[in-house]
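In the two complexes that follow, chain A is the common piece, with chain B as its partner first and chain C second.
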Partner chain A sequence: MTGLRYVYAVCRPFDAPLQAQLTGVGGAPVKMLAHHGLVAVVSSVPEGDFAEAPLREHLEDLDWLGATARAHQQVVDALTAVTTPLPLRLATVFRDDSGVRVMIESGEEAFRRTLDRLDGRVEWGVKVYIEGGEEPAEAAPAAKPVSGRDYLRQRRNRAQEREDRWRAAERFATRLHGTLAAHAEDSRLHAPQNSALTRGSGHNVLNAAYLVPRAHSEEFVELVDHTKDEEPGMRVELTGPWAAYSFVDPEGRGAGEAAGTGGTGDTSGEAE
Partner chain B sequence: MTVVERREIALVDLLDRLLAGGVVIAGDITLRIADVDLVRIDLNALISSVNENVPSPWGDLP
Partner chain C sequence: MTTASRLPDPYGQGGGANLADILERVLDKGIVIAGDIRINLLDIELLTIKLRLIVASVDKAKEMGIDWWESDPSLSSGARRDELARENAELRERLARLEQLELGRTREEEAP
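Moving on to the complex of A and B:
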């Protein structure tokens, strides 16, 4: 195997066979690198794409980024079907197998701790959108204002409507998050997705992740399902099951820390 | 796991997890995507440049 080593995840050794023909980034075959009782799931990637400079450039290319992210996810997904993988950040690359072994050794304890904590759990993503949240301010005015005072009043009314809607959305999202968090082992609040990236499907007001035992997933999904029509003008979206990407740090740093589920911990990572 | 029919995962959901989640390890060749915001802002610039109708998305959240 020539080229650099792209590492998708670290897991404990597992017996169940992976799906045949599983390929990773760039269509390369995926292999298991066992070391110190742990397994790194790796594939070979060309240096021309993954050395630091080309990678930096590639990351700004949405097509490349999308294809790479999907390949990464496909491997992690296949692992999730047979074990509980500890997913690594996109584009974690080593020079060769021995670099991967060194990584396993230096992170060994943290890997085991985290694998124990996540064992048998999956992540569910829940997002709440205000439907049609974009247009109100600039919507076609109902009637042409006849005077300056009239104009100001119309403006004020529109602003008021908008604000009411936001309040209602916030209440709904807060309540939903409370309910779901109570039925999950852990939760993280991600920053809301901006509307440009979500392709005009409304304004994202809640973007949360919940850590749920695989065995309780069905109940969790039903719970989310029940809320879907609770509040007019709101849309609830569920994604998953994911590998526990959002829960690799016990305290939930990064995306979760701004949002107040209690992720106030220090920023020292799992695996230095 | 078949509780939910898997649809095509939106790229933005994928990136939420792959660029902001997962274990961060400095690889041999200093590849370490911890500069999530940087990557995202670049992405934004990209998307905005493709679609001029998209208003600047940063800072318009409540």
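Moving on to the complex of A and C:
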């Protein structure tokens, strides 16, 4: 294997066969690099694409970034089907195998701790959207205002309608998050997506991730399904199962919300 | 270990996940390890990516009839002008009415 080493994930050794023909970034075959009782899942990537300068340039290219992100996710997905991988951030690249081994050694303890914590768990993503036109009152223009006061009243009514819709959405999202968090081991609230250009319509008001034991996933999915028609004008979207991307850090990065379950016993020391 | 248990279809293989979902995770979540090739992904923060997504897809989005940003003051200078003009008109109207009120009151006071 020549070229640089792109690392997708770290996991424990596993016996189950990966899907045949699994390829990674750039279509290169994926390989397991075992070291110190852990496995780094790697593939070879060309220097021409992944050395510092070309990589920086590529990352500005949405098509390249999209394809690379999908390839990365495809490998992590395949691993998630057979084991519990710790997904690494996109474009974690080393010069050679020995660089990867050094990385495993220096992170060994944290990897084990995190693998123990996440073993047998997957992440489910749940998003809530306000359905329909953003501005219903403007879509169907009201009668022409006959006076300034009339104009202002119409304007106020529109603002009121909008506010009511947002309030209702917020109440629904808060309630749903409460229910789902109670059925999950942990949860994270992510920033709502700018949904105007992603698939579907509506405004994203809740973007959350839930850590759920694999064995309980079916119930969790059913739970989400039940909520789907609960509230008119709201759309609930479920994605997953993902590798536990959002939970590799025990406390959640940045302004992470407090962990839902009081499992903070062994969080001394950082995961990185 | 229960890792071999079947997961409910149709959600396998990141079903239902769009590119934004994937980018959100692979760029913003996951374990951060400094590799030999040092790239600070924070340089191209997710926000930037999203803006790029929008910019790159403007034509496509217009084809699909999505043009919300044209009326969003923070994204379109045209919309900002409209918004300002509307506000301006509204303020003038209020001012005129207040002046009238004031005028009426003054007259009442002046009246013996």
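We take it that the second predicted complex is superposed on the first by the 243 of 272 C-alpha atoms of A that agree within 3 Å, B and C clash if a C-alpha of one lies under 4 Å from a C-alpha of the other, contacts with A are read in each partner's own complex, and residues count from 1 in each chain.
The working rule: a residue touches a chain if its C-beta (ideal position, glycine included) is under 8 Å from a C-beta of that chain, and two chains touch if they have at least 3 such contacts.
Computed from a prediction, not measured in an experiment: that's the story for all the values here.
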Touched partner set for A:F94, first chain B, second chain C, both or neither: both
Touching partner for A:K144 - first (chain B), second (chain C), both, neither: neither
Touched partner set for A:W242, first chain B, second chain C, both or neither: both
Contacts of A:G120 with chain B and chain C, given as first, second, both or neither: second
Touching partner for A:P192 - first (chain B), second (chain C), both, neither: first
Which of chain B and chain C A:W166 touches, first, second, both or neither: first
Which of chain B and chain C A:T83 touches, first, second, both or neither: second
On chain A, the residue positions that both chain B and chain C contact, one per complex: 4, 7, 10, 50-52, 55, 59-60, 62, 65-66, 69-70, 72-73, 81, 86-95, 99, 103, 107, 114, 122, 125, 190, 193-198, 214, 217-218, 221, 238-242, 245-246, 248, 271
In the complex with chain A, residue positions of chain C that touch it: 1-5, 7-8, 11-27, 29-33, 35-39, 41, 43-44, 49-50, 52-54, 56-57, 61, 66, 68-69, 90, 93-94, 96-97
Footprint of chain A on chain B - complex, ascending: 1, 3-4, 9-25, 27-34, 36, 39, 42-44, 46-48, 51, 54-55, 57-58, 60-62
Chain C partner contacts - residues on chain A that touch it in the complex: 4, 7, 10, 16, 50-52, 55-56, 59-60, 62, 65-66, 69-70, 72-73, 76-77, 81-84, 86-95, 99, 103, 107, 114, 119-120, 122, 125, 134, 148-149, 151-152, 155, 190, 193-199, 213-215, 217-218, 221, 237-242, 245-246, 248, 253, 271-272
Chain B-facing residues of chain A, complex: 4, 7, 10, 50-52, 55, 59-60, 62, 65-66, 69-70, 72-73, 81, 86-95, 99, 103, 107, 114, 122-123, 125, 166, 170, 190, 192-198, 205, 207, 209, 214, 217-218, 221, 238-242, 245-248, 254-255, 269-271
